[in-house]
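Labels run A, B, C and D following the written order; every chain starts at residue 1.
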Amino acid sequence: MFQLRTDLALEAREIYQEEKNEEIPGVAIDNEEIGDVIVTRVEVLDDEGAQIIGKPRGKYITLESASLRKADADFKDEMSKLLAKELKAILPKKNNIKVLVVGLGNWDVTPDALGPKVVSKVFVTRHLFKLYNKEDDVDVSEVSAISPGVMGTTGLETSEVVKGIVENSRPDIVIVVDALASRKMERVNSTIQISTTGITPGSGLGNKRKALDEGNLGVPVIAIGVPTVVDAATLTSDTIERVIDAFSRQAKVGSQFYNMLKELREEEKYDLIREILEPYSANIIVTPKEVDEIIVNLSQIIANGINIAVHPGIDLKDVNRYIH
Amino acid sequence: MFQLRTDLALEAREIYQEEKNEEIPGVAIDNEEIGDVIVTRVEVLDDEGAQIIGKPRGKYITLESASLRKADADFKDEMSKLLAKELKAILPKKNNIKVLVVGLGNWDVTPDALGPKVVSKVFVTRHLFKLYNKEDDVDVSEVSAISPGVMGTTGLETSEVVKGIVENSRPDIVIVVDALASRKMERVNSTIQISTTGITPGSGLGNKRKALDEGNLGVPVIAIGVPTVVDAATLTSDTIERVIDAFSRQAKVGSQFYNMLKELREEEKYDLIREILEPYSANIIVTPKEVDEIIVNLSQIIANGINIAVHPGIDLKDVNRYIH
Amino acid sequence: MFQLRTDLALEAREIYQEEKNEEIPGVAIDNEEIGDVIVTRVEVLDDEGAQIIGKPRGKYITLESASLRKADADFKDEMSKLLAKELKAILPKKNNIKVLVVGLGNWDVTPDALGPKVVSKVFVTRHLFKLYNKEDDVDVSEVSAISPGVMGTTGLETSEVVKGIVENSRPDIVIVVDALASRKMERVNSTIQISTTGITPGSGLGNKRKALDEGNLGVPVIAIGVPTVVDAATLTSDTIERVIDAFSRQAKVGSQFYNMLKELREEEKYDLIREILEPYSANIIVTPKEVDEIIVNLSQIIANGINIAVHPGIDLKDVNRYIH
Amino acid sequence: MFQLRTDLALEAREIYQEEKNEEIPGVAIDNEEIGDVIVTRVEVLDDEGAQIIGKPRGKYITLESASLRKADADFKDEMSKLLAKELKAILPKKNNIKVLVVGLGNWDVTPDALGPKVVSKVFVTRHLFKLYNKEDDVDVSEVSAISPGVMGTTGLETSEVVKGIVENSRPDIVIVVDALASRKMERVNSTIQISTTGITPGSGLGNKRKALDEGNLGVPVIAIGVPTVVDAATLTSDTIERVIDAFSRQAKVGSQFYNMLKELREEEKYDLIREILEPYSANIIVTPKEVDEIIVNLSQIIANGINIAVHPGIDLKDVNRYIH
């Protein structure tokens, strides 16, 4: 419970940089500012980089903007377009691509419902292709979408469910959408991460264990995630760090006090966190009060981004007005 | 749209009897009254019977009681126990049976949400068996449960989804729960049908096409269903029949009028039904106004029945109080 | 239960015309076709007209179009604009009008949830006027909105609740939104009725008894309603009529048969309806299967119509994109 | 935003005691342990006590138990009985009492939905008294219940709405149920507070401003509340305190370091909190991940407690089995 979790490659890199003051070897970084949005493209190039950053080799693209939390319709459209562009760049280059969208998470736990909510807004066509016995179409791709639920309510490992569906419906690619955890409150609901490596075990809010990745599913897996909570333990730990920093700035370097601050062991910090949070003895999360509304907005942005990226003849006007 | 649909073997037999005044050859019937409940066990014994009744060979048990629509807690308990007893009689006789419960239907369309609502109340344990690496337990069986959604929203044939999950999670048996259509308003929400033959194509409210049966899934399939609606076309057709009957009773046998009544062709009846319902041009259903509440009660009864039948150490007290 | 209900002035007039083959005295009618939409303005001018049509003196405007049931975004916009125009014509002519929108009906019974769903989409501003201590604004009026629930779940007469709120919040006008009953399937979800007379007792799906009108509330009341169901008894009765009509067309005028058909007493018809529906012994309604989705669309159209009509500076672009 | 909020009289007293090491003058305290539950009865006796504790004169009873967060059915029953007993002790002593239950909060924001969820489970009878024109009944009292929504979605001050309903429906007493804020994570979802003073301005999660109390409503008001969240600012502030305490224990009294710790001004603490939380710029709350399920359980306990306390002929067996 007191482990500091992050599902963002961006933050994993940040943690390394804060400690070592250097870039991670084997990891390439590219930054771009597009209007109000910071696009960061992290690529884990080799096994050393993967080991250090704690994420598999592949691409991790984050779109960051504090405006994501607001309901401004024009900005939402911009984000959908940006997301669609980044998605297209990593989708297989073929016509009539067959896509399965998988929404992870629990519909009944608000900050975990991002995946199921996106699935409910994806423009699904596969049954029409089957009904009319079509193989291809100029305007729409063959898209299916499912929310397999979470292990605690189905009793099934999510990867088993998705693997079975992939084997029987044979998509070219799987797009997995999930709620993530961040280590910083400022990234909550303001960051969309796209990656080519699927969802790695232990991530997200839930208890998913086997990876949803190409190795397990047999087809490429793109993951889209948004951190929707911070662990209470993370917030508590961050606060402790800040207090120590504040005192350190006031203490004379080398003084007994300064040394004491610097020597506060991880163990003692953990004892403090435990003392503060343990009485509750459950998964405690930090989240904005209006999380319900924010998840609705985010799911619209992501579903629209997917709809535009996968269907060649669908643009923003369509997704905003004709698809519900 | 104007086809008179029934998913109940009981009604299929009734239709035959009304026309022929005899029992269907190759079909055995057994009746029992238990308190307020009529239990009818129809067994389709051979192919001739199957052809006539329009249902595959196997057992069809119906529990009928008008009290099912009311929320009386004691009666609900009685029904759960009765259902559990009938279920146990057709479940494979083995210890530590592995069960997958599948809830068909659309969570967002009230009279079609019976299956998903049952799934949400089934006591699921499979993940605990996996977590603790157990093979068997004295009190609970290994149970998983999923609602795969409907083709119109997932783009996936339901049988593909369930087949994939069966192949990857390897249950001994699948229990499928679905909302059915009845041809008589009096059976709506007052009848539970259990069958050993799975769900046959074209049944239910939705657009399921491939059967969820042993042939397709590779393991035995028990189906549990409740008629939750009557087609508006069925109600209209019934009304026409009753009007003709009423006039016939008043007309002299052999009179021109009597003959006209008797000769009203099917075609003309259909023209009438079309004239009445066609302006709406959609699936029109007849349902009690309080269907939301009734579906909640029915899903509780069925989930409890399943919980008692499959878990050896769980009884009514447990399901009512400790499982939610 | 077997009373043929209609909440539409249009249908009340139709019934009279069918029987008498003449226009109702004291009732003025005006028709207009605007694109795909038929606008009918019925005005009950005097007490005689009110008595015959069974509705109080005042204006009843219906917008009818089968396209209302479909999700075409452009058509929805057209309807919102048309509705706004008709609403504006009957709203008090004053700046900075204070409006209370009341959504009648039960959120948990789908076809009855129209009112609460509209309320959830109305652009509410009254608290901001209070917060900033403003009396007027160029762009927005002072609008509040509430769904008081239904008597069966609150124990409170709806008119008591609304009267209390009106007395304490002092709006200039109340707009009441409710689901209605129609006598014809073809009008279900295809007709919006606006009236200046409030909601009369006994209307709607529920058990509302005291009128929500100017007499009871002390301020003018505009009612907006859509028939979302037909009573099963109405459908059954209609079917009986059609069967009799069909036979009548085939029988020789003056024959014994013809006379029998013509003489079928109301009482006998009711016996028939009772025989068909009574086994169920509950409120049975006829409704399209996709009623959930249709109610969402209708509530959007009506909420947008209200938003445009009451806020001087808000147009369609705003309601579609910035108000959720 | 950074104000440390508590709605619990218990905590207000605790804060005073921590600072002053004495009991608040004019405040009487009584403790009792009943099984797993600690019952604390705080009575604010005079104006001095009211001023210091920051709560009006009256009784504040808290039932505390960590078991409240778990779904054990037997414990839930015990709590309902305890709650009913404490409620009965402060309800007016008269037969056929008329009760209005008001559920404050926003149905759509999970930790704020406690009030509306309790209302949906209260056994409502007022309409039946009116329907049968009864004045009294041996088994049930005249109970009504409403969830007036929150100002942000209705535009109406909650007190205006409730006042109007009280004036028009004339109950003897109002019971208000609301979600509260606590200053300690350990009290979240483990404490029920009952008070005779209504809900004071600024409490709860929302933006309620005018008190729902006897002064405003004209009838006595009992408030029932459960802290369902902790402000993120409170958790952060607590953490800072604990860090300082930890260092203080290690520093020599009188040393420069010790003095620096003691002298850390409130202002600097606030700067720290702001630095940590401000990037998010919204209401941030700390809550258990499973808050949805916990709120369901708590609302059942409270609704049952009210049902038993107000209806003379209803006991636990009834509320658990016959009332939904």
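We adopt the following convention: a contact is a pair of C-beta atoms (placed from the backbone, for glycine too) under 8 Å apart; a residue touches a chain by one contact, two chains touch by 3 or more.
No experiment lies behind these values; they were computed from the predicted model shown.
**Q** Name the pair in B-C, A-B or C-D that forms the same interface as A-D; by residue number, over half of the contact pairs must coincide.
**A** That would be B-C, since it shares over half of the contact pairs of A-D.
**Q** Counting only C-alpha atoms to place each centre, which chain is farthest from subunit D?
**A** B
**Q** Taking each chain's centre as the mean position of its Cα atoms, how many Å separate subunit A from subunit B?
**A** Roughly 41 Å separates the two chain centres.
**Q** Which integer distance in Å separates the CA centroid of subunit B from that of subunit C?
**A** Centre separation, subunit B to subunit C: 36 Å.
**Q** Whole-Å distance, subunit A centre to subunit C centre, using C-alpha means?
**A** Spacing between the chain centres: roughly 46 Å.
**Q** Could you list which residues of subunit B touch at least two other chains?
**A** Only 293 qualify.
**Q** Provide the residue numbers of subunit B that touch subunit A in the complex, in ascending order.
**A** Interface residues on the subunit B side: 120, 124-128, 130, 142-149, 151-157, 160-161, 163-169, 207.
**Q** Name, in rising order, each residue of subunit A that touches subunit D in their complex.
**A** Of all residues in subunit A, those touching subunit D are 66, 69, 108-112, 184-186, 188, 205, 229, 232, 235-236, 238-240, 242-244, 246-247, 250-251, 255-257, 260-261, 268, 272, 275-277, 279-290, 292-293.
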